[in-house]
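Each chain gets a letter, A, B and C, in the order it is written, and its residues are counted from 1.
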Amino acid sequence: MFFLRRIFEDLDNALAHDPAGRNRLEVALAYPGVHAVWGHRISHFLWNRHLKLVARIHSNFIRSATGVEIHPGAKIGRRFFIDHGMGVVIGATAVIGDDVMIYHDVTLGARGGDVGKRHPTIHNDVVIGAGARVLGNVTVGEGSRISANAVISKDLPARSLLSSAENFVI
Amino acid sequence: MFFLRRIFEDLDNALAHDPAGRNRLEVALAYPGVHAVWGHRISHFLWNRHLKLVARIHSNFIRSATGVEIHPGAKIGRRFFIDHGMGVVIGATAVIGDDVMIYHDVTLGARGGDVGKRHPTIHNDVVIGAGARVLGNVTVGEGSRISANAVISKDLPARSLLSSAENFVI
Amino acid sequence: MFFLRRIFEDLDNALAHDPAGRNRLEVALAYPGVHAVWGHRISHFLWNRHLKLVARIHSNFIRSATGVEIHPGAKIGRRFFIDHGMGVVIGATAVIGDDVMIYHDVTLGARGGDVGKRHPTIHNDVVIGAGARVLGNVTVGEGSRISANAVISKDLPARSLLSSAENFVI
């Protein structure tokens, strides 16, 4: 029952975010971003049970089915919505809060040479536009909006509005 | 016969645009951007016959086969050519004229919160470079050239030349 | 034996570049960027034996399996590593040296209207970040670093550091 309630929460959340969505059945059958999040829950479960190789093979299968690559180690909150999804990359040490929405082609990645916690932490209620790259162990504060194609590699305070293709780098 | 003539028109158009193309057979077998446009014609036909769920499932299947996501509701003119294609997203209320060419990773998308006609209108003879994002119910005038990674969210007059990663936003 | 040694060289090279990689078996099974390079070696072999249509169909199959599109004509050196890979496009006349690393969504493409050698030449030890576009018959000098979402369409001298979303165009 718990499992089913989460499924419905995800379907309703996708409908709330996407004006092109028409009903739960359509979301369940035709939203690869939703399928990718469901797939990640399984990969992440396997990863935490020390079935790491199986987890990576599974997440790679989800990537070929959906175009979304989420490392099984990434920690993701509730009602995470990926719209369209093709090209999304989320790294092993990324942490994502609740009610976050990202568009296709968003990268939550590392910078070359970083070790340990090397991917971003995204707080609640953040929206990240298509093609934006958030790189390194940086924090994006609650309620921030990052526009399409922006590049971020330092901390963003809460409720930041980063306009399109603006750069916020060290 | 009409159907066949359109197929040949698309094959010849791809050859005219891509200097790496060698003959019609190669285009028919190895150009996912061409396959995506053919798939969209079927999705759009189904959508207009009120088979909306079938249309979305079909367009999602075309997305996984080609990497190109075109909402079945989008209206697209003749000789539309998508080069490479991976990552292209075209929204439900987008309108595209004749002889338009786009590269991979182009987004014709909406801005969060918009409703109704919320995707771009692209006039004839426009070329849009890889990774460019055109967002919202804006018009791109005839003969415009938008370069790679540019972000557009207001109207562009005819014959605009928008250089690489330039932004043209409100 | 020669063939096997190259396979191991690629596996070890991926492990050296990616701190999330754990062992050779994981790389061999779950790294689409590595699979794409192996696929390209076969496509390129076929292309050079004048089996051009077969080569293009093969490279298109590799594209659908990995999300990486490399034209069979492209010349690629040793220890080339593509991280993540989705959305990468490498054109027919591109030339890539040894020890080059690129991230997902990188384009080594042409500009409309160019003919002949119309794609970039990338020298040894170059790193190119996610979403960067290198366009036209330009040279990127040895040891250069190009950051995410940058757009390049003229020659870069050796050891250039091009910061994120900077543009270096004519």
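The criterion applied here is as follows: a contact is a pair of C-beta atoms (placed from the backbone, for glycine too) under 8 Å apart; a residue touches a chain by one contact, two chains touch by 3 or more.
This structure is a prediction, so every number in the text was calculated from the model and none was measured.
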Shared interface numbering between chain C and chain A [over half = same, under half = different]: different
Fitted rotation between chain A and its twin chain B in degrees, CA, nearest 5: 120
Euclidean distance of C-alpha centroids - chain A vs chain C, Å: 26
Residues within chain A bordering two or more other chains: 67, 86-87, 105, 131, 149, 165
Residue ranges of chain B in contact with chain C within the complex: 19-20, 22, 25-26, 29-30, 32, 65-67, 84, 86-87, 101, 103-105, 127, 129-131, 147-149, 163-165
Chain B partner contacts - residues on chain C that touch it in the complex: 52-53, 56-57, 59-60, 63-64, 67, 69, 71, 73, 86-87, 89, 91-92, 105, 107, 109-110, 112, 114-115, 118, 131, 133, 135, 149-151, 153, 165, 167, 169
